[in-house]
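Two complexes come next, and they have one chain in common, subunit A, joined by subunit B in the first and subunit C in the second.
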Partner chain A sequence: MAKRMARMAVRQMIRMLLLIFCASLAAFVLLSLSPIDPLQQNVGQAAMGSMSAEQIERLQAYWGVDTPPLERFAAWVSGMLQGDFGVSLLYRQPVLTVIGAKLANSLWLLVLAWVISGLLGFGLGVLAGATQGRWPDKLIRGWSMIIASTPAFWVALLLLMIFGVWLKLLPVGLSVPIGLEATAVTLADRLRHAILPALALSITGTASVCLHTRQKTIQALESDFVLFARARGESGKGILLRHVLRHVLLPAITLQFASLGELLGSSVLVEEVFSYPGLGQATVTAGLGGDLPLLLGITVICSAMVFGANFAADCLYGLVDPRIRKGAGRT
Partner chain B sequence: MESKKQNAPLLQVQGLTVSFSRYAQGFRRVTLPGVRDLSFSLDEGELVAVVGASGSGKSLLAHRLLGILPHNAQVGGQVLYRGQPLDDRLAGKLRGHEIVLVPQNVSYLDPLMQVGEQVKGEKGDAQKASAALRRYGLGPEVEKMYPFQLSGGMARRVLIATAVQHTPSLVVADEPTPGLHPEAARRVLGHFKELAQAGAGVLLITHDLEAALEVADRVIVLYAGAAVEEAPAASFAAKELLQHPYTQALWQASPNHGFVPLPGTQPVGQLPAGCAFAPRCPKAGPECHEGAVAYEKQGAGYVRCLHPEGEQL
Partner chain C sequence: MKQLLNHLRQPRTAALIRLLLAAAILLAVMIAGMACREQALATDFTRKNLAPCAEYLFGTDWMGRDMLTRTLSGLSLSIRIGVVTAAVSAVVALAAGVSAALLGRWADGALTWLIDLFMGIPHILLLVLISCACGRGFWGVTIGIVATHWMSLARLIRGEVMQLRQSGYVQVARKLGASPAAIAGRHILPGVLPQFFTGLVLLFPHAILHEASVTFLGFGLTSEQPAVGVILSESMQYLATGRWWLALLPGICLVAVVLLFELAGKSLAALWSVNAEQEAA
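So, the complex of A and B:
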């Protein structure tokens, strides 16, 4: 048993390393192919014109423009293998420090959006499944279809216009009030600034959990064991609470863990819309500014997070589903 | 009124027809086979078997009695429970304690719920549940098991245990034996016999005539969904005591009575005009192919045939 677990852990580790390697390679190739010249982007055409050839050469060396791509990537990999993420070219700070600061901001959004979209999507999905074909189902299904086909940034723009510009209820952007000292920022300020971006992310996140849960609910309601529960005189409410929820909850949790990747992806655009200084915005800045160490560092951290979430879902399934738990225990 | 109620049999089924239609391959409506023109009655303490081929829709009869047919089922005929029409409302009130279902197999148990909790049910009592399980030789360790850990025989006994906690008046057993080895099947059927001896009316729906004969008081034989004969179990002692050619063919097909197979298969879907069995019947004349044949009292039972055994030629 312990040996099996160890073997599984090793296999998962290898998988994760492979995934991270492939993801960072892809990010590197994309950045190398990017037509943006980091010098022109970061220094500016006008400033470059007034520089001496020597200065430009130094800058080229700084941005790594003159190094062959393969050599740059090899250097980055060998640094990574020693645990060195490198220094961000734009922020002039160690990559891990930058990511840490940005992630601390984004984590608010991600956790809020993850929990809200999960709960909301699950609740709506069960309701829709239980009222299949009647008006609550039609309403929820229609809403989910619209949301599923709506890009996150558009929802973000809409929310920003309604609540930020027209109603002036919530701030239009940033993570803290403008012109306030960092020590004077309260938790309430941070929350107020996180509401709109988190809402935008939550709304787009509900659709898939909701539709999936609806399908699973219908499936459970059509099963033999629900038919038998009815034959035994169990009430509709009892059937839903005692039998259906059990069968719907696990897949929903799994899906919610697996959707973390999508959430990270949407957060890039949503943070951009709200000028929210999080990981998403840092990704865009690093990509556009040719900040290779930062971009690859973010890629590594995000891949690890997505992999970790999927792995957690797998483990959870094994722990919670008796068919897997006991089945494994027997062999 | 009161006396009429008391004299009324436990269950009376009159001309019951249940069928299903659904859309197959686009918009073509197909009617799925079910039960056609089924009539019988069942008293307390009796065990009556309804025998028909697998996959002929016999389960629909069980689902009708419990009021759990899906909305797209078409139902005709009448069902009386103690003289009162057993509609969905009455069935809804009685199911689970007075009328109980013992379903076919383990898929009717919630795979994610422990057996003990499951036998107890929504409003049940844990002690009654353990007592019911103990009655069928299933100890406390079984209560902690999940359905996938049960053997076929254990699963059947768990399903029976769900039914007996409330001392039901009517037990509907839907195919309780397939997949069991003969010894386990005999034991399961024995449990149903015990329930009948304790005063319940037991309706056994099965495809296994041999097994049914071991416990049943009366047997109703279905052909293509319609009852063709009702006979006391004792009539199955000899071929001559049976009246319908199909029942006789079934009798001959059994290993104890020559193992003679009847060529052909039961019709599914589109039924022939006249007697459904006529195309395979050794006795069929031209009159058998036209017009429906009535189900009539004859001798010790009922038969649906123009030329039953023993008719005067």
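So, the complex of A and C:
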């Protein structure tokens, strides 16, 4: 039994690695198709006009314009396998250092938003499902519909307008106060700067989990085991806590894990609004500046996170739900 | 009169009315936006930075452009891009889903792999990559949105076709010697059309949201275009100086358009599922 599960995990793992490799290959192909000349983009037409041919040649070598794409990809892959993701062309630091620093900033937001949106969405979903057709349900459903139709960056803009500009309660951007030395920054400062972006991400993240949980709650409430529990005379609250919640929790957790990609995407937009120096902002900078190594590194890290989250959800599901565990044993 | 009211209250009629209403409003916005494109681009420095007033309902920006016409033509652009990308991406999904289910295990495995791959890269990141590959601009967004939106619908259609393939009438057709192509065209395709059209309409809102987002980041439509993403990203520079109308009103309109598409899709789904029940009965 345990052996079979382990074998399945290993197979999943290999599949995941292959997928990550394909993702990086796809990203590389897309970027090498790009007609945007990184020199024009970053150095500028005027500056290039005043440079000698030799200088331009050196710059071209630096940006890798003259190396054939295949050779570059081969070099990149062989480097990556040894843990070397190359050097970011814009930040002039190893890609892993850049990503590490940016991810450390983003992680605050991502974890906060992931937990808050999960709990809030789940709670609202159960409440809506339990009061199906009455006003709390209508309210929550309407709210979720609106949130699902609102772009993340606009939520961020609204929060910034309300709390940053109008009420002046919270800072309008960045992750630390301006003009402070890195050592002088306190935890409270960092938290204060993370509140608005995290809030924006949490709000946009609730909609799908909430609607999904509502649906599952309604299904569970209509099931035979709830009917039986009711016939035994259990109270509505007891049914909800003892029978329904256990059924709804698993799909919600899976969905929350699977929505990590969505969260990463929204974080790009929200970080751009708040000028928050995280992974999302680095993505935009790298994309606009044609920083190939950094963009490739980000793609690998992001897809590893997404696949990892899906993998974790699968494992969790298998561990918690005995029916699936048996099903996995049979195949 | 009472009879008419009763008739209108029936779920099917109500859904139809909602659908037509949403479609009419969206069409009106699209046409109005195309009609006032000239005004949207006109600058007039004698009227710059006006807050919303009777004459300029949405106010004006720092170049004296009327924000109402700008918003309208931006929405119109969004709707047109949304319709085109959603349609193409739904057709891709249909082709992929049907062929995966009918061409055997190898094609199925390939499609599942491809879907997993596309799902594994966050949408925005993939959109950025594709936009880079196309040199940004209109084609970058369009191709990007088509490439990132077909997966879930393809999965849905694949499942549906798998089910239909097992159904009695398809088995009979096969025993009668119909060719696979004829079975696919005559017996299976009509069966998935409701799913296809509902999925198509429900793709619009996502397409529009992603177009606005990518444009907002600077990878989409160029800043000469009066796109909603451009309007909102420009408004960011003026928020701190208290010009709230630049971001608030166009944003609300964008949300309203997306909600209307959502409403239309839901009504269409409701119409069709009721239909299916009646046919079964």
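In this text, the second predicted complex is superposed on the first by the 318 of 331 C-alpha atoms of A that agree within 3 Å, B and C clash if a C-alpha of one lies under 4 Å from a C-alpha of the other, contacts with A are read in each partner's own complex, and residues count from 1 in each chain.
Operating definition for what follows: a residue touches a chain if its C-beta (ideal position, glycine included) is under 8 Å from a C-beta of that chain, and two chains touch if they have at least 3 such contacts.
Keep in mind the model is a prediction, meaning the values are calculated, not measured.
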- For A:W154, decide between first (touching subunit B), second (touching subunit C), both and neither. second
- Tell me which partner A:S235 touches in the superposition: subunit B (first), subunit C (second), both or neither. first
- Message: Which partner chains sit in contact with A:V268 here, subunit B, subunit C, both or neither? Use first/second/both/neither.
- Response: second
- Classify the contacts of A:V165 with the two partner chains as first (subunit B alone), second (subunit C alone), both, or neither. second
- Looking at the overlay, does A:L227 come into contact with subunit B only (first), subunit C only (second), both, or neither? first
- Query: By residue count, is subunit A touched more by subunit B or by subunit C?
  - Reply: C
- Task: Report for A:G287: first if it touches subunit B alone, second if subunit C alone, otherwise both or neither.
- Result: second
- Based on the superposed arrangement, let me know which partner A:D84 touches: subunit B (first), subunit C (second), both, or neither? neither
- subunit C touches which residues of subunit A in the complex? 19-20, 22-23, 26-27, 29-31, 33-36, 145-146, 148-154, 157-158, 160-161, 165-166, 172, 261-262, 264-266, 268-269, 272-273, 283-284, 287-288, 290, 295, 298-299, 302-303, 306-307
- Query: What residues on subunit B touch subunit A, complex-wise?
  - Reply: 63, 66, 68, 92, 95-97, 100-101, 103, 107-113, 121-123, 146, 148-149, 162
- Residue positions on subunit C within touch of subunit A in the complex are 113, 116-117, 119-125, 128-136, 205, 209, 212-213, 216-219, 232, 235-236, 239-240, 242, 244, 247-248, 251, 254-255, 258-259, 262
- Which residues, counting only subunit A, touch subunit B once they are in their complex? 223-225, 227-235, 238, 242-243, 246-247, 321-323, 326-327
